[in-house]
Each structure stands twice: as structure tokens, then as C-alpha cells.
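Here come two complexes built around chain A, the first alongside chain B, the second alongside chain C.
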Partner chain A sequence: MLQTIKDIIDILSAPTVSFTFLTVAFPFVFPPTDWFEKIHRKFGIWRLWTKPGFYGGMFAITFFFVVGYFDPNFHVTLTKADNFPIILMIYSMFITIWWSMYQAYLNDERLENGLKPNEYNDPDDKVLVWPDLVYIEFIALILFMVFLIVWSILVAAPLEEPANPAATPNPSKAPWYFLGLQEMLVYFDPWIAGIVFPMFIIIGMMAIPYMDINKKGDGYYSFKERRIGMFIFMYGWLVLWLFLIVIGTFFRGPNWNFFGPFEYWDAHKVVPLNNVNLSEYIWVKTLGTGLPANILIREGIGFLVLVAYMGILPILLAKSWLKNYFQEIGPVRYTFIMLFGLSMLALPIKMYMRWLFNLKYIIAIPEWFFNI
Partner chain B sequence: MENKNKKSFLERMGESQVWKSIIRSGVPRSRRQRMQAILGSVFLHLHPARIPKHAVKIGYTWCMGGLSFFLFIVLTITGLLLMFYYRPTVEYAYTDIIDMAEQVPLGIMRELHRWGAHAMVLTVWLHMLRVFMTGSYKPPREFNWGVGVLLMTLTMFLSFTGYLLPWDQLAIWAITVGTNMARAHPFIGHEGPGASLLAIGDINLVHAGSDVRFALLGGRFVGEASLLRFYVLHCIGVPFITMILMAVHFWRIRKDGGISGPL
Partner chain C sequence: MTEDIKTTPPASVTPAEKDDNALGRRGFFRWMTVGWIAFSAATGGFFTVIVRFLFPNVLFEPPQTFKAGFPNDYASNFVDTRYKKKFNVWMVRDEESIFALSTVCTHLGCTPNWLGTENKFKCPCHGSGFRMTGINFEGPAPRPLERYKISVATDGQILVDKTKSFKWEKGEWENAESFLKV
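This part shows the complex of A and B:
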């Protein structure tokens, strides 16, 4: 019975399945439009953001870790001292996101009834920082220090064998908070996954307040008033950042192959590498000729795809589906939203092209280290 | 009984010259004195004297920004103690780490430092999430959100540079994986697109011995020079920038109208 559950979890946690499930389910959990909202209400998904939803979520996470703790294979990964922060991360992210959404739904209801949000107080009715705030800070500080000291006494900081440049561990992993980037390396070359995307993440995040011109929802929990912005951010944060960290930590074993949580990390697991470039698909497989010698002709289609995606698609959208939105925010904001938004979306797109068509690169110019 | 006006020890202490010279307002009892206690202290007057009611609710603030700052201080103190024992050389680094656990009294400083660092990455992330969830990045706080994003990046970079210092297998391979990215930096990494364009005739300006990865590591692989560079960045370089940005971050909170809240 338990073995069956473990086998099912192993199958479900494969990125192809789990990532697809998360991506498809996501708009129903954080509904960005009325249509999704209707289904969200109809099938009771909103109950996730109520108290029973909290207990259910906490139970599911704890059940997974308890079963994992007693599983000989998952035990090894789970009890690595450096992985404990990720367990903390999973719990704290669930608790805080649940709390925010729970509060947001309460506030949404109040706002619909014409009331002020829960956080609202009479501006003249203030409290004194001494003692009301400094004492809270003091208590928080003491409790946190106690937690940190207990953690430090119970768990020794990891120390492996002395550094040996001749012995590469398999797998070699970056620190846990960068494992999302390392996971992106499966789908993109280092110059994108390691440089361009991280820069886009930093600059894109800094640009959020300038791109999101919705003035509502400032200073209180809310969802409905800013549901599209919330949806986009939460997808990036939860699925493209945190979930990829979880995959990179728990599900990636030797040779960066996928292993289910309850699977043995077999260093000799064979995974076929039959990825094909777009240019090979076109010239070799479709036209039946060899690859042209001229690099630009060879990769011409790839460049066209890139220009169409990053250049023409935004223009078409501005003229059709997003017409009103484009007029509302203007060309500069629109350009940046499209740049960051389409780059973000490029990650799942590339993942699916890899899984569905074994596509390696859209543009493959290894001569110039220019692979996309 | 003997004297109704007899003052308690605390009260007498509050009126002594020493106390008054340090805490200018005496024991904070009256409303006026309590406000004075905040305004008259260089540390506490980071806060306003009065704040809205929702600003003291954990459910709204999560305390995570404050805890991140607190962890920064904890990490500075424990890091300073670790620096007494640790020598950033390939010869000594690893054995010094072992000595810290086995020879030094109260040998949990490295644990406090390492777990504190992990915890700080988490508290900073949670702080960012709280600010997003309450929409607190919206005007007039958009600039401070940007400073916060930079601080979050620096927090991760601080943690990353510290990862190398124990000089064990975990350390050098995590840093090798991480810094290999720099190899592929467009134009300034020797395996990045455009690097071969930066050449005079047949001479490449950007090669394995001159690119950005070389600058970061002080060599073509993670070695003695990398350890020293990461040590200096970890102990002085990055904390220095972080402290400046923290000052801006805190100052801007006040300038932008204190904690966010519904109007």
C-alpha cells in the first residue's frame, strides 16, 4: 500500500508531470480572469484559502516528509543538514502564502460590501512605539535567537572531506537558493540560464512597481483588485523559482538525472540524449539536405522564430487582444512588460519543446557560443 | 508603610545622573516620556514615535524585515569571532574549521553563522513576499522596493561567497558550479557569445586568463586566489555595499511615509 503510494509519488514528481500539473492548475488556484474565477468557485478550489485548506496543506506536506523520513532513499536527501533550510522554506512559504490569501479573501469580501480593509484604522488613532512596538521586536528577536541556538546545537554545520579539485562529486550542486538557476541549465545554455535570466529576474523585479500601474491593493491584503499581477508574480515565484529549487534539491541525482523522491540514486541510470536542434529538424529531417555551410542561413529559421516571438508577437498583441491595455499603459511600459514577461514565459515554452519534440536549441551556433 | 513617598529602586535609578545622561528622558512612564524615549535614542529613532495600529500586528508585518536586519547583526558578530580563528589559505582553511568545532570554547559559532545565513536568505525572501502580498511596493515606495531587490541579491551573494570558505568538497564544487556561469557571460566571458568579437587581429582579448570568471576567481579554477578573493568579498566587500544600501532602505521607509497601510 505504502509502496504503491511511493511509486505514484515518484511518477507524479517527474518534472514533465508535476510541472504540467502546477502550470495547468495555477490559474484555477490564483484565478486571473472571471472565467477562471468561476471554476475556482464552482469546484471549491477557494477552500484552499480557508482554515480546512490550511490543515489539509500542512497535513499533506508533513505526510510527505514523514513518509520520506522513513524511506531509505529519501532519508539520505532529506536529512542532509544543508537541506533543512529547504524544508523550512516549504513550510514557511505555504504558511505565509496561505495566510496572505486567507486575509486577502476576507478583505475582498469586505471591499465588495463597501467596507474598508481589515487593516484600516482611524489615522488619528495611533499607538506608541514605546512600548507597543519595541517590545514586540524584542520578543521576536529573543525567540528567533533561541530558535537559532537550538538549531545550531542540534545540527552540526556540514563539513565534507577537504577540497579535492581532482574528485568531482556527482551530482555537483550549487547552494540551495541557486538550484532553480541550475535547473534552468537543463533547458538553456549557461549564458542564458546563468547570466541573462538572473539579470532579467533582478531588473524585472525592480521594475515591478513601474510596470504594475494598478493603484489598488496598496497597504492591505487583497487578491481580486490585483489578480493579474498577483497571478503573474506568483507563477514566477512559486513555480519558476521555488518549485525548481525543490526539483533541483530533492529530485536531481547523479548526472543531474531525474529521480523520484523514493527512488535510489543510481549513478548508472541511462537516459537517452537524443536532442535535436531546430536547424537539423529543418535542413536534415524535413528538406533532406545537409546543413548549409553559412551559419546565418543554417540558423535563419531560428532567428525568424526568435524575432517573431520577442518582436512581432508583442506588436500583434498590442493591435488585437491587448489593445486597450496597450493604450492604457503606453509603449514604454508595454515594451518592458513584454520583454520580461515573454522571457519568463520562454522557460516553460522551452521546457515543453524539449519534452515534446526533443528540441535542443532554437538557434544553435556553438561556433559563437550563441545557443538559445 | 513608613513613608508613602518612598521611591522604588527603579524610580531612583531613573532619576540618577548616570541614567539621565544616557537615556535622556528618564524612565518612560508618561506619554510624553515614551515618545521622548524613541526620539531621544539614536537607535530607536529609526522608528517614528507613533505608528498606526496595524503596524504592530504580526499578521501584517511578519517581522521579517526586522529579523533580516537582526540576522545581519548576528552574522556580523559571529563572523567576526570566526575571523579570529580562520585563515583563508588552502593550507589552513579546512583545519581551522575543524579547530573551531573541536578546540574553541562554545564551538557553535560556525553553526550559528551558517544556519543564520540560511535563515537570512529565507527571512529576506519572506519579507519580499510580505511586501508583495500587501501591495506595499506601490507608489511612493517603488524606489525602496528596488533597493530591497538589490539587498536580496546581495544577501544571496553574501551567502554564496561564504560557501567557499570551509574549503571542503561541498564548498569548492558548489562554487565551481556557480562561477562556471561567468564563463558564459556575453562578451566578457571567454565562452560567452560575442567574446570572440573582442579581438585585435588574431589576438583574443577575452580568454580563459582574462575574462570575468578569471577576475572573480583570481585564476582559471577555484584555488588559493579564489579563496582569498571570496574571503575579502565575504568579510568586507559585500557587507560594505549591503550596509550602505540598508541605510538607504531604512531611511526611505521613513521618507516614504512609514509602513504601508490602507488609506
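This part shows the complex of A and C:
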């Protein structure tokens, strides 16, 4: 019985399945439109953001880890000192997200009934930075330092043998907070996944207040009043970042092959892969000719795809589906939203193209170190 | 009224009076020149020392050229991992040639492992895979592994020179120095 559950979890956690499931299920958990909202209500998914939902979620996470602790294979990964922060992260993320969504849903209900949000009960209610806020921060800081000191005394640092360039540990994992980046690097050239995307993430988050000009939900928790913005942000944060960290920690084994959590880490697991560039698909597989000698002709289709995706698609959207939105926010804001949004969307698109078509690079010019 | 005028003290310095301590125009430029030269010398010296610091006096690294046994030592279609640890080189013999492959993954520079049963090099960092020839075929590595210059020394042994590498994507594997015919 338990073994069957474990086998099912192993199959479900393959990135193709779990990532698809998360992506499809995501709009029903954080509904961005009325249609999703209706199903969200109909199937009772909103109960996740109530108190029973909290206990249920905490129980599910704990159940998974307890079962994993007694599983001989998952035990190895789970009890590694490096992975302890990720277990903490899963709990703390669930608790903080539940706490804000819980309050947001309470407020949404109040707003629907014509009441003011919970935070506005008393218009004269003020909290001073000093002492109210700084004291809380100070106490939190002391508690956290105590925790870190106790932790560092109790748990020995997971040091390994001296570094040797000829022997890379197998699997070789980045620090836990970079495992999302390492997972992105599986699908992209180093300069894109290691430099361009991280810069876009930082600059994009700094630009959020300039791109999202929705004045509602300012100073109080609310989901409904800014549901599209929250949906986009939460998808990027939970699925494209945290879930990739979880994949990198628990689901990646020797040779960076994928392993289910309860699967034995077999260093000789054979995973047939043969990644092909778009230019090879077109010239060699479709047209049956060799690759053209001229690099720009060889990668011409790739450049066309890139221009269509980053340049023409936003223009078409501005004239059709996002017409009202475009007129509301203006061309400059629209350009930047599209730049950051489409770059973010490029990650799951590229992941799926790798999984479905074994596509390696859309534009592959190793001669110039330029691969997308 | 006249007495009032008398009590007014004279100006302490008359404009016409010459001050020996004044810098003057030429003096200003003289000191400026001295100052700038001193400043440039100090910063130049500082950065010279810093740059010099980047090039150590002694390098404890294996020699860039090494001898890798006789061509007949290598069996056909075989990857020899003996020189991986010390020289970061795989000696590979396929059907018609022997070549020296770099062990640096072309994605982000980890060291892949040779998996004999699967007949491929597999990188533990992001899962790039290379065939025995060094050609990349799976994972994110954008280009094949590099080959090093290889020749036969006067004593008949194979001589590998790591100072010169050959890149497939530049068509350099055609170069006669990049492989040994057997």
C-alpha cells in the first residue's frame, strides 16, 4: 500500500508531470479571472486559505517528510545537513503564504459586503516605527541569532574533501538558494540562465511598482483587487523559483538525472536523450540538406522565432487581446511589462520544448558563444 | 569729525604690497605638476603591484606537456582515464586515431565522468553528455569538448601539449596536430 503510494509519488514528481500539474492547477489556486474564480469556488479550493486548509496543508507536508524519513532512499537526501534549510523553506513558505492569503480572503469578503478592510477598523490607529516596528524586528533578530547559534553548535558543517578540479562530486549541487538557477542552467546557455535572467529577475522586481499601477490593495491584504498581478508574481515565485529549488534538491541525482524522491540514486541510470538544435531540425531533419556554412543563414529561423516572440507578439497583443490594457498603461510601461513578462514565460516554454522535442537551442552559434 | 577720521585704523594690507608667501601663477603650475606626477606615480605603482600580485612567482601545477605512453598501448575504441586526475586529459582511441580530450565541460567547466557502459562522458553539474569523440549530444553544453595538440616524441611516445587546443566548432579538428593517425 505505502509502496504503491511511493511509486505513484515517484511518477508524479517527474518534472514533466509535476511541472505541468502545478502550471495547470495554479490559476485555480490563485484565480486571475472570473472563470477560474468560479471553479476555484465550486470545487472548494478556496478552503486552502481557511483554518482547516492550514491544518490540511501542514499535515500533508509533514506526512510527506515523515514517510520520507522512514524510506531508505529518501532518508539519505532528507537528512543531509545541506537540505535542512529547504525543509524549513517549504514550511515557512506555506505558513507565510497561507497567513497572507487567509487575511486577504477575509478582507475580500468584507469589501464585498461593503465594509472596510480589517486593517482600517480604526482610522486613528497608528503604529510608530519606533518603538513598535523596530522592537519587533529587534526581538526577531535576537531569536534568529539564537537559532543560528544553536544550529551551528548542534550540526557539524557538511565539509567535504579539499577541492580538486579533476574530481567533481556527482551530483554536484549549488548552495540550496541557487538550485533554481542551476535547474535553469540545464535548459539554457550559461550567459542567459546565469547572467541575463538573474539580472532580469532583480531589475524586474525593482520595476514592479512602476509597472503595476493598480492603486487598490494598498496597505491592506486583498487578493481580488489585484488578482492578475498576484497570479503572475506567485507563479514566478512559487513555480519558477521555489519549485525549481525543490526539484534541484530532492529530485536530481547522479549525472544530474532525474530521480523520484523514493527512488534509489543509481549512478548508472540510463536516460536516453539526444538534444537537437532548431537549425538542425530545419536544415538536416526537415529539408534533408546539410547545415549552411553561413552562420546567419543557418540560424536565420531561430532569429525569426526570437523576433516574432519578443517583438511581433507584443505588438499583436497590443492590437487585439490586450488593447484596453495597452491604452490604459501606455507604450513605455507596456514595453517593459512585455520584456520582463515574456522573458519569464520563456523559461517554462524552453523547458517544455526540451522535454517534448529534445530542443537544445533556438539559436545556436557556439562560434560566437551565442546560444539561446 | 576730523578726529574721527584720524582714529580710523589703516588697512592692514595694501593691495600694492608684495607678499613673499604668495604662490603666484607659475608657482601654482609648478606645484600642480609635481602633485600630479606624484599622484600618478603612487597610483601607478599601487596598481602595478596589484597586477604583479596576480602572477605568482611559483606555480605548483603539472607541466603543460606530458608523455602518454606508446600508441600501441591503446586499445581500439577505448577511453583512458589515467591522465584525468593529474593532467585533466582523457586519452581516447577510436577506429582510426588517438586524440587528447580536455576534461573541462564546455557548459560551465565542471569535470564530467566517463561512463563506460553507456559509452559517454556525463557531467554531474547540469547533465551535459558527450560522445567518446567529444561531440556534445545531450544537456545544455553548447559545443564539443576541446582537443589538445598531440604528436609523437623522438622516443616514440605520445606527446600531449595542452598549451594548444582545437575547437570543433571552428573546424580545427581537421588540423593534423589535433589527432594521431594509427
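Following the convention adopted for this analysis, the second predicted complex is superposed on the first by the 339 of 372 C-alpha atoms of A that agree within 3 Å, B and C clash if a C-alpha of one lies under 4 Å from a C-alpha of the other, contacts with A are read in each partner's own complex, and residues count from 1 in each chain.
Everything below uses one rule, namely that a residue touches a chain if its C-beta (ideal position, glycine included) is under 8 Å from a C-beta of that chain, and two chains touch if they have at least 3 such contacts.
Nothing here was measured: the structure is a model prediction, and the numbers come from that model.
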{"item": "Partner, of chain C and chain B, that touches more residues belonging to chain A", "value": "B"}
{"item": "First (chain B), second (chain C), both or neither touched by A:145", "value": "first"}
{"item": "Touching partner for A:268 - first (chain B), second (chain C), both, neither", "value": "second"}
{"item": "Which of chain B and chain C A:196 touches, first, second, both or neither", "value": "first"}
{"item": "Partner chain in contact with A:254 - chain B first, chain C second, else both or neither", "value": "second"}
{"item": "Partner chain(s) touched by A:186 [first = chain B, second = chain C, both, neither]", "value": "second"}
{"item": "Touched partner set for A:364, first chain B, second chain C, both or neither", "value": "second"}
{"item": "Partner chain(s) touched by A:4 [first = chain B, second = chain C, both, neither]", "value": "neither"}
{"item": "Which superposed partner A:324 touches (first chain B, second chain C, both, neither)", "value": "neither"}
{"item": "Which superposed partner A:165 touches (first chain B, second chain C, both, neither)", "value": "both"}
{"item": "Common interface residues of chain A - those touching chain B in one complex and chain C in the other", "value": "164-165, 167-169, 172, 182, 189-190, 194, 369"}
{"item": "List of chain C residues in touch with chain A within their complex", "value": "84-86, 88, 103, 107-108, 110-113, 115, 117-118, 122-127, 129, 137-140, 142-143, 169-170"}
{"item": "Touching residues (chain side chain A, partner chain B) in the complex", "value": "82, 84-85, 88-89, 92-93, 96-97, 99-100, 103-104, 116-117, 119-121, 123, 125-134, 136-137, 140-141, 144-145, 148-149, 151-153, 155-165, 167-169, 172-178, 181-182, 189-191, 193-196, 202, 205-206, 208-210, 212, 214-222, 226, 233, 237, 365, 368-370"}
{"item": "List of chain A residues in touch with chain C within their complex", "value": "164-172, 182, 185-190, 194, 254-257, 268, 270, 273-275, 360-361, 364, 366-367, 369, 371"}
{"item": "Contact footprint of chain A on chain B as seen in their complex", "value": "28, 31, 34-35, 37-38, 44, 47-60, 62-63, 66-67, 70-71, 74, 90, 94, 97-98, 101, 108, 110-116, 118-119, 121-122, 125-126, 129-130, 132-139, 141-142, 145-146, 149-150, 153, 156, 159-160, 163, 166-174, 176-178, 180-186, 189, 191-196, 221-223, 260-263"}
